[in-house]
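Everything below concerns the one structure shown next.
Residue numbering begins at 1 within each chain, and the chains themselves are lettered A, B and C in the order written.
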Amino acid sequence: MDKLEAKNVNVFYGLNKVINDVSISIKPNSVTAFIGPSGCGKSTFLRLFNRMNDYIDIFKMEGKVEIDGKNIYDKAIRVEELRKKVGMVFQKPNPFPKTIYENIVYGLRIQGIKDKNILDETVEKSLKQAALWEEVKDKLKNSALALSGGQQQRLCIARTLAVEPTVILMDEPASALDPISSAKVEELIYELKNNYTIVIVTHNMQQAARVSDTTAFFYMGELIEHDSTKIIFTNPKNERTQNYVTGRFG
Amino acid sequence: MNNAVKNRIKDNAFKYFGIACTSFGLLMLAIFIGNILIEGLARIDWDFITNFPSRNPDKAGILPALVGTLWIMGLTAIIAIPLGVSAGIYLEEYGRKNRLAKILEINISNLAGVPSIIYGLLGLEIFGRIMGMGGSLLAGASTLSLLILPVIIVSTREALKAVPKSIKEASFAMGASKWQTIWHQLLPASFGGVITGIILALSRAIGETAPLIVIGALAYVPFVPASPTDEFSVLPIQIFNWISRPQKGFAINAASAIIILLLVTFVLNGIAMYLRNRWQRKVRW
Amino acid sequence: MPRLKEKIIVTGLASAAIVTILTTIGIIWVLLSQTIEFFSDVSLFDFLTDTQWTPLFADKHFGILPLVAGTFLTTFIAILVALPIGLTIAVYLNEYAPKSFRKIVKPLLEILAAVPTVVYGFFALAVITPFLQMLIPGMAGFNALSAGIVMGIMIIPLITSLSEDALFAVPMSLREASYGMGSTRLQTAFKVMVPAASSGIIVSVILGISRAIGETMIVAIAAGQQPRLTLNPLVPIETITTYIVQVSTGDVAHGSLEYRTIFAAGMALFVFTFILNNISYWVKKKFQEKYE
């Protein structure tokens, strides 16, 4: 069964239609890249999967978005529960102004988990998964804001992993980082694929080609083409996709 | 003389005029504080603080008024802080898109401009007469709480607004509910700003005179208020009362009491400014 | 049931916000109910046209005009002092002064704004009046002039800080354009910056007027308690606010006509400030639209 599925989705900001009749399905334990020029709606579309658009006043949606076969826009769905299952990493690292330790356990604390052993274990496990453990294990009580940009972003990934989601949404997670940090994050994404379903929005086509299994090309609010990454970058069916991946516009 | 030279002279003339005007404000402040210090400093001693008011200016003291001011400050804080901060949170985080919020916003900006003496009339009827509190500390504190509510609400909103949106998004994305996000992230991050607003509001409350006179606070109190239902006086009313007397001795007493009142006001403002600066430096992440 | 808990919290927060609406309703209700009773004894026509205000005397007259005249006289003097000085300081700080100077002056002006008004009243009576009496022989001990001047000093920080914010909000590009064409700082300030910030400056003046009309302690202490229909700034007068204080410090029985006069006077005061505040709110909204 598909992990994520969107059926005939339209999104409006006020009177503007920003997503036009998009349907897509995404397999479990895969990395899917959303690419396309700025303003094509790829970030908006990504944010549908954890309902982050709900906080925009003028946002309106039609169609169905399903995770594990369940419509997440159903009235019975609790947004907080959904977001525990669907984690998100943002474009700019946004650690809370707290210690490294408190950042990681935040998700557990708000679920009411107080057991120190569980918290400690989770911190170690998540930081190891995010390949950050070795760098910060001696300064867990230091402020997260003292970390470098790349470390902060991996901390944000660790923080997301701590609540054990099954899906991770990444909105240009490496665009604010230097090339070395960026490479580390990419490596991490590759590792995480075994256990998570990852959707990543990126401007960087080499990055999409390196990390993803399938790639979806968006243009003017429409999904033009979704196929295996190899095909999209070497032999796309649609002419607009070809123009974009070969750099003729964008 | 050509135009460019003329312009440059005018430009410089204005510069000195600007310096003169700025100095005027500061000079007034200096004369003002200097004058009061000269008049009143010599009169301040332990007896002045611990004596009751008296017909004899040399024996008169400010004890009941000072205690009344402390009572008023404490009670006003207890009433106004929870109300003001809650209302600020509601307006900034929950009610931004509905009609109620629009009405609330216009209403609060209007309330902020209502003269303080009008709040006195409100307190006189509602708290004093209808709710039967008379001219008690509780009536006074309730009145002043309503008076400073807009200040606390506005500063709470400003402080919340200053928290980067990314923090909020990160918390939501972790599955935190709105209240959890506010409680665990927004309030701690905006704490400095909220506290600053509260202190400034309280410092305004202890300087207020007119509304308390209107609700019936007394000018002459021969006892130390011991419970919120007691009648009371406050420092500004004591000062007003002394200023209104013709004898020179009372004018000196007024100056001395002003020194004490200014001391409290400036200390509170100083703390607020210090916190604000510290918080502004910290908030840049 | 976390969902229930959230609901309870939101309801609690909203109720706190509702208190502000109840306050407004309370103010209007209190003023209105007492004023209506007042007008069952006194005709509105007399209230608005009689030139004497003597509710506390045996021969009672209820003409609000003397109080209004006193209020506007002191307000006018205050603005005459505060506007030129306050605006000049704002322009100077924004266009001329070195940053370090600005950093020192702004908190000092804030101190000026934090001083309790009863203290300003003392200053007017004990310092300004004796000083003015040396310059103007024959000036009364209580008068509109020194109260107005000191009220003006009190309002300077308000006008300076709001005008400065407005000037500061003018886009840098505008200033650069002006300098680029060879303007002096003075020309840039008054031909480009002040006009561009005019609505914000207007707001500061309106709020200053509103503040002066509602100010109580300075006038109660220094301007006298004699309702008088005059524009002479050298004699004792009485403002609306002073009258309310005067009655409150005396013994007036609740429910009497004298008691109600303070609510009628308060109503007049409320109407003036309400109108001014709404004008300023409206100007401010317009101004925001312009820049966004």
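The rule is simple: a residue touches a chain if its C-beta (ideal position, glycine included) is under 8 Å from a C-beta of that chain, and two chains touch if they have at least 3 such contacts.
Only a predicted model underlies this, so the values are computations on that prediction, with no experimental measurement involved.
Taking the mean of all protein C-alpha atoms as the reference point, the chain centroid lying nearest to it belongs to B. Looking at A-B and B-C, the interface holding more C-beta pairs in contact is that of B-C. Taking each chain's centre as the mean of its C-alpha atoms, the one that lies farthest from the centre of chain A is C.
Between chain A and chain C the centroid-to-centroid distance comes to 54 Å (mean Cα coordinates, whole Å).
Rounded to whole angstrom, the centroid-to-centroid distance between chain A and chain B, based on C-alpha atoms, equals 48 Å. If each chain is reduced to the centroid of its CA atoms, chain B and chain C end up 17 Å from each other. Residue positions 80 of chain A are each in touch with at least two other chains. Within chain B, the positions touching two or more other chains are listed as 177. Counting partners per residue, chain C has 2 as the residues that reach two or more other chains. Here chain A touches chain B in the complex through residues 50, 52, 55, 57, 80-84, 87-88, 90, 92, 94-97, 106-107, 109-111, 145, 156, 159-160, 163, going by the rule given at the top. Contacts from chain B toward chain A in the complex involve residues 96-97, 164, 166-167, 169-177, 180, 184-185, 188-189, 285. Within the complex formed with chain B, the chain C residues making contact are 2, 5-6, 9-10, 12-17, 19-21, 23-24, 26-27, 30-31, 34, 84-85, 88-89, 91-93, 96-97, 105, 107-112, 114-119, 121-123, 125-127, 153, 156-157, 160, 184-187, 189, 207, 210, 213-217, 220-221, 241, 244-245, 248-249, 254, 262-263, 266, 269-270, 273-274, 276-278, 280-281. Touching chain C in their complex are the following residues of chain B: 7-8, 10-11, 14-15, 17-19, 21-22, 24-26, 28-29, 31-32, 35-36, 39, 82-84, 86-87, 89-91, 94-95, 100, 103-104, 106-111, 113-122, 124-126, 129, 146, 149-150, 153, 177-179, 200, 203-204, 206-210, 213-214, 216, 219, 236, 239-240, 243-244, 251, 254-255, 258, 261-262, 265-266, 269, 273.
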